[in-house]
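Structures are listed in the sections that come next.
Next come two complexes, and both contain subunit A; in the first it sits with subunit B, in the second with subunit C.
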Partner chain A sequence: MTVPLQPPRRLLEITVDGEAVRVPEGSTILDACTATGTGVPTLCYGDTLTPKNACRVCVVEVEGSRTLVPACSRKAEAGMVVGTSTERAEHSRKVVLELLASSVDLSTTPRAAEWIEEYGARPERFGPDAATVEQPVKVDNDLYVRDYNKCILCYKCVDACGDQWQNSFAIAVAGRGFDATISTEHDAPLTDSACVYCGNCVEVCPTGALSFKSEFDMRTAGTWNEAEQTRTTTICSYCGVGCNLTLHVQENRIVKVTSPHDNPVTHGNLCIKGRFGFQHVQNVASDG
Partner chain B sequence: MKRKRAEHYDRLTHPLVRENGELRRATWEEALGRAAEGFRRNIQAHGPDAFAMLSCARSTNEMNYVGQKFTRVVIGTNNVDSCNRTCHAPSVAGLSAAFGSGGGTSSYQEVEEADVIVMWGSAARNAHPIFFQHVLKGIRKGARMFAVDPRRTGTAEWADRWLGLNVGTDIPLAHAVAREIIHSGLHNQVFIERATEGFEEYAASVEPWTLTVAEQVTGVPAEAIRELAHAYARADRAQLCWTLGITEHHNATDNVRALINLSLLTGHVGRYGSGLSPLRGQNNVQGGGDMGAIPNRLPGFQDILDPEIRARFEQAWDVPIQPRYGLNLTEMLEAMAEGEVTTCYLIGENPVQSEADSLNCVKRLSMLDHLVVQDIFLTKTAQMADVVLPAAAAWCESDGTFTNSERRVQRVRKALEAPGEARDDIWILCELARRLGHDWDYDGSEQVWDELRAVSPAHKGMTYQRLTDLQGIQWPCPSEDALEPPFLHGRLWDPDPAKRGRLAPFAVLRHSPPVDLLDEEYPLRLTTGRRLDSYNTGVQSSGFASPLRRGENIELSPEDAARLGVTAGEEVRISSRRGSVVAPVHIDPALRPGLVFMTMHFPDEVDTNALTIEATCPIAGTAEFKAAAVRVDRLVPAKAG
Partner chain C sequence: MDLRFRDVEPTPEERAAIDAVLGPPPSAWEGGARTEADLRFASGGHAARERRDQLLPALHAVNDRIGWISEGALDHICRRLTVPPAEAYGVATFYSLFSVKPRPKRVLHVCTDLACQARGADAVRRSVEEQYGPPGVSWTPSPCLGLCERAPAALALEAGETPKAAVYGDLPHDEPVDLTERDEPAAEAAVPQAGDPSLVLLRRIGRADPASLDDYRANGGYAALRRAFDLGPAGVIREVLESGLVGRGGAAFPTGRKWEATARQPDHPHYLVCNADESEPGTFKDRVIMEGDPYALVEAMTVAAYAVGCPKGFIYLRGEYPRALRRLELAIATARSRGFLGDDILGHGFSFDIEIRRGAGAYICGEETAIFNSIEGHRGEPRTKPPFPVEKGLFGKPTVVNNVETLVNVLPILTMGAPAYAAVGTPSSTGTKLFCLSGSVHRPGIYELPFGATLRDLLELAGGATGGGLRAVLLGGAAGAFVRADELDVPLTFEGTRAAGATLGSGVVLVLDDTVDMARILLRIAEFFRDESCGQCVPCRVGTVRQEEALHRISRRPPGADSADDLTLLRDVGRAMRDASICGLGQTAWNAVESAIDRLGVFSPSEAK
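Entry: the complex of A and B
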């Protein structure tokens, strides 16, 4: 008896910015770009999730295509000619960044500032009265915080909580248009919702709208220092499933826990104990 | 609903020794000296078998290897065991009796690709949430899932069919499934003939268990039993998963064998996608046994009674190894009561709160002449010790490996410095060995691991580098150049009888209902288990502020609550034939009338194990945590009229 092998995958050749690249059938344009080392910005793309095509920041130009296409979801086809930095693609990316940055707080979105500069985006051009999603931060439990000032409505948290991973369905999109928000049922506090505090939404959030309470408190106090943090992957100390935890440690204290997305046990997912149940090791009496 | 936050434990940051009945701070030198001296005194007076070690299923493989070596080499006894005894020892015993190896036979990935998944006595949705994500993937791909559980658990909510059996009737249900399969001609005759033995006797033994009889005994409708039987037998790939609902019974090994029988009957073992998966409850309970921290096996799960294997270890360690099994945890506790075990080295375990019939356990530990506890907290057990040694938390303050439920050995890495004077387990063991005449010194965990690899064929090919590169490797891994399939016992399907090896025996089993009988005085069946956000005796999980935590409750069906005239939140007295506790009522419509549920997470507030019965499985020694007879009384008598 042997293990069934995956069917062999043909290689396709496509052209990215004039460079020929061969990728396995089923790969996306983004995969091809990664293979050639071509940087394409992404926000709503998640390596463990089905693409939602929400943010449009990864759009590229494909020869023969009427519209720009999202690189993260569009499958590569043989002979495809892709331009990642054509004038049209870059202009679109610039406007997307301007619209997002004028209405949403991108201050904790990794690389956002860099992209804004790279594409010459001017979020301030909509003036001081531009509509924003500004609202109070939701702090309703001791484990994680929801700051929807920073939410770009990428839906990754909804998918992680829903049928793609956690299957708890504690959150969904409520409202329409600019008033759409990610919400629990009837906008109840998490403590009255179906939330089981696995934090798998925090794991996939691209902007820091969802964050550990420990991170939120440290940022508020001005003590959060990512440059000083170490990241060490170890194994959870609770049940026997063997989930891989990456411990983010600052000044000998665990400040946040993530899980490797390519791990065969977790695929980046944890439960409440693995994600938040670390405090016992750092409960040390002050006179200790 | 009352929201309760249990008192958390603070880390131990320096050694403690007992003086005039009180524990006081000590230096490492003094504490290690006292610990070693006590061991020496007892061994000199009563021989090495007066010593017992409880090794830590929470610590690394490397620590467990050194711990069992300490027991066998420094002390000279096989009295080493761990809390595997309170959970999955019956799984190990049952699987090794059938297949010669005690591990689960499948991988998580295979669950995703099964057609039928049976979750038997397993609240995995809450107790093993990330395993259950693999089950959910399978369900999303079209697998049918059957949940067999007295409670309608979170797992059952995702099932095609929930088979709510009476507590302790697993064997009748399994037998009825088997009989239905045989009578429908759905058994795998080719596999049975080629790979198993004892089918005729087995078939005869299940013959009385018609669907009707089984329905009467188990409470599961005949039609549901029939449906499970047909679905399981007809599946191309079927996974049979179980947890403590199977193993925490007085006849637990028989329960496990009853499930294994079903896999043999249908050929659902030894193939990709088909197999048996006991879900282990602790991060390294699989590894602890694999490392030989059990009384009947040497590292690599090799039998102590085999003279050739013993000879290999005697050569490697340069000491004679006793040619007999040591005492298991259950027997150790009995031997303490008899005065045969007089000293105990207890690493990272909290039997005072985790054992069934906890009051009895306290009594036995207090009879010891010398108790050394090594832990990260001053647990209730540590408070009884003569010497307390503060340890590093293995999972984040040590380097090493853990082995998970799918036999995957994965690297554990040090991310934090241990607080105060707390030290690594292996350092402590070596310091004690040195004081007892063995000059041990390991230069890090990798050196221990390489020593283990040299004596355990199943781990030989797992270098630290490979474990890192491949994100863990499942045993067996005999070669550094190759990987074995992710499932075990493919040999059973080999056309060549020589390669097929030892045939897998069917077990002929008898139904034996729970020991603690229900009667008019104790009419309710108490079963215990875990909640999503908490863990075992709560020593770890009380440390974080879970919004889900509501403290200990007695969970009652709405029917029983109405009959008793109690309301949610009301404190009631719960009594068994052994003890009595007070806890608030929680009403759970997922419970059937007559069945009540408690956890063991808050023993400092409500000592649930004062109620449970220490009726143990004669083969594996696991106690019947899942079936106590209790009564529930109102604290304030209801006013007449």
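Entry: the complex of A and C
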């Protein structure tokens, strides 16, 4: 296989926290931060999606800009002077974490607890009556569960289901403001919607609001144990495309399937067969 | 894209309403009757999808005819336009004038916003509730209806084959509201200065019949377009640059620079969008222009389009302005039939036409990039800038967005000439400005004054404050700032208000006397932003809720009680909203509350309300 060579990209120089860094033209501030090893938290950013810059947890200060800017989407410009940990940037990040943690269940959002601690966020300061997005969990099919108590409205699932990847358009944002939710038309069950159960929305969900039914059931039963799980990347055996599957295995059973985002063909996307069609592997009679 | 429908049929009435907007369906693939050919050839697809911008007009058609949008109606629209039902549902639920649940044909929208609040909206709300029961069915509380000079006000919208609208102003406080139909006062009733020869922008209001193109021309109409044709597009832009005109929609951006940058873009077509979404609480100037002098807007848009090279212009008109809609529709049709719009305007080889798009109840759709999404048939959420509209705006093309008042300023610039225009006002704020006076003031209405007049001059012109004395003035609307009674010498210019830590915004001057409950006003401001946040970004979506909750807690405490924690919380959240929100809504949602705390001393321990 030959890969066409990209024309070389011009390098431009910007300053991140006082340190000069050269990045290819078209890079974002986040890319530059990654290059200097500067950690900036992100939630709505997805490595396989166009940035929506909705969560604002990644904001940084750019000299000359009236407001803070989202590192995940703002392109680096020659001469830009970026501060990632100025008082102003840290204040907004802290408040964004407080606003999220006080309204949404972040218990399965990786690193949320760590960031809350790091920034000294105190979500409880809004009091016991602070409005939340609390609602019943949606379990309407056997493959995956939608728990919008955990949804930060990052739009990633919508973009993955829509024109960026799957082109099924089964879900969209409905309502407005604090009442906005991810929804099918008329909030119909998934089984009545255009969903094809590719699970590509589950793949990109940063909070665990979307999860495999198998994971959901094990978490409910208290048997989910990530530390015990192994991950094995293999090739899907159903068809000739050859998608990569990463099998998450606990106690010798597949508990969920993800797909590597750096695969140049599929970028982490699968179809229903690769994503959910693993039950036959373990349909072994219990008596052995 | 493979659309899936839930097999719910539209009623014949719904189908008729939709097909009246979209034309008869060409095949079964787009919701028509099935023919044999349909079984062999697929159609729709790209051609139908290209009409996505008809989604909002189609939703309006159903809502106007039936009063609400059913599953069957939504599905039929989706078939016709090849729009995924989930997306169309997301769009329909974005707008407060639409309902996806059954409701009566007639709904009364009772304004509970700032200017009405200052004039007894709470009492009106109580009597409406007594008459019609709890809100949500036959009546609903509404943000500012742009009828503030007639506060407290209400608007009734009635669905039907010919949808009806009726406005009610100066509602009595403690008696049942009388909803018999009555004639609406003429547009000039909102202009206390009407007929004054020194008026520039308002000079035709009350003098020329807003329906008559001949009257418009007899009163100086279309002189500016003729001058524009003499100057050529570059000459017009030069005049506008030299006039020093800056935008009147709130952001105060130099209009000439916007036009020049758009005209230069190699990508075509260029579009012109007139921002007539006027929804900032306390603003009603654009309505008065559109109702009282609609041809002026048509002519001004033609001049702008000529300068920037736009074959097509849109007026994005807020959904709650039925009379402005009628008058503009008539003006556009008349201008078109007389050669002032359409192909080869006045024989100068320039072609341009205007289409009106109605909003459907969403303040955020006044944000310039949210307008694009709304017109294109998406949720009215602001886009990320850059790219700016001058590069990628409506349908991804270079676009000029201007406010109604900004555009009509172009007429005197061309007829007077830039130097004479720029000689009015101050060096940094040239020309005249429309101010929307409302609240506790003797003669509310739209006033036109040269930039440089002080707030005191303006209040005197309006007969001063009612009640026992002036408490505060809100400048610039909910996104603006309060000034105190001892700050009336602030010059009403962009630079003057900025220096005083306030803003002119959209020209709102909301007067509050000492009978007005400031805590209620602040709660209403907070409620407004919570209601109107599009929900896209966290600081605004959740921050506006937390701001409202904190204000509720503070106002429930006895006066003088310690609210230090909640005030700190307000400041912390306010700062993050200002710094980290995507658009101007979130960025300004804390301005007015902050200024009330800091300048007026509301909630300070010594202040017993």
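Details
Going forward, the second predicted complex is superposed on the first by the 283 of 288 C-alpha atoms of A that agree within 3 Å, B and C clash if a C-alpha of one lies under 4 Å from a C-alpha of the other, contacts with A are read in each partner's own complex, and residues count from 1 in each chain.
Following the convention adopted for this analysis, a residue touches a chain if its C-beta (ideal position, glycine included) is under 8 Å from a C-beta of that chain, and two chains touch if they have at least 3 such contacts.
Owing to the predicted nature of the structure, the values given are computational and were not obtained by experimental measurement.
With subunit A as the common reference, subunit B sits beside subunit C without any clash. In the superposed model, A:167 lies in contact with both subunit B and subunit C.
Using the contact criterion defined above for the overlaid structures, shared-chain residue A:234 touches subunit B, although it does not reach subunit C. By the touch criterion defined above, A:185 lies against subunit C but remains apart from subunit B after alignment on the C-alpha atoms of chain A.
Contact with neither subunit B nor subunit C is seen for A:6 once the two complexes are overlaid on the shared chain. Judged by the touch definition given at the top, the superposed model places A:96 against subunit C, while subunit B stays out of reach. In the superposed pair of complexes, A:249 makes contact with subunit B only, with no contact to subunit C.
Of the two partner chains placed by superposition, only subunit C is touched by A:177; subunit B is not.
The superposed three-chain arrangement places the nearest Cα atoms of subunit B and subunit C 6 Å from each other. Once the two complexes are overlaid on chain A, the subunit A residues touched by subunit B in the first and by subunit C in the second are 167.
Those residues of subunit A that touch subunit B in the shared complex are 1-4, 141-143, 163, 165-167, 190-191, 196-198, 230, 232-244, 247, 249, 252-254, 260, 262-267, 269-274, 276-285, 288.
Listing the residues of subunit B that touch subunit A in their complex gives 8-11, 13-14, 58, 108-109, 127-131, 133, 136, 140, 158, 270-272, 279-286, 376-377, 393-397, 402-406, 408, 410-417, 419-420, 471-472, 485-486, 490, 493, 532-533, 535, 539-548.
Within the complex, the subunit C residues that touch subunit A are 1-4, 6, 71, 74, 84-90, 93-94, 96, 100, 362, 379, 384, 530-539, 541-546, 549, 553, 565, 569, 572-573, 575-576, 578-582, 587.
Subunit A makes touch with subunit C in their complex at residues 53-57, 59, 67-68, 73, 88, 91-92, 95-96, 99-100, 102-103, 125-127, 129-131, 152-153, 162, 167-180, 183-186, 188, 192-194.
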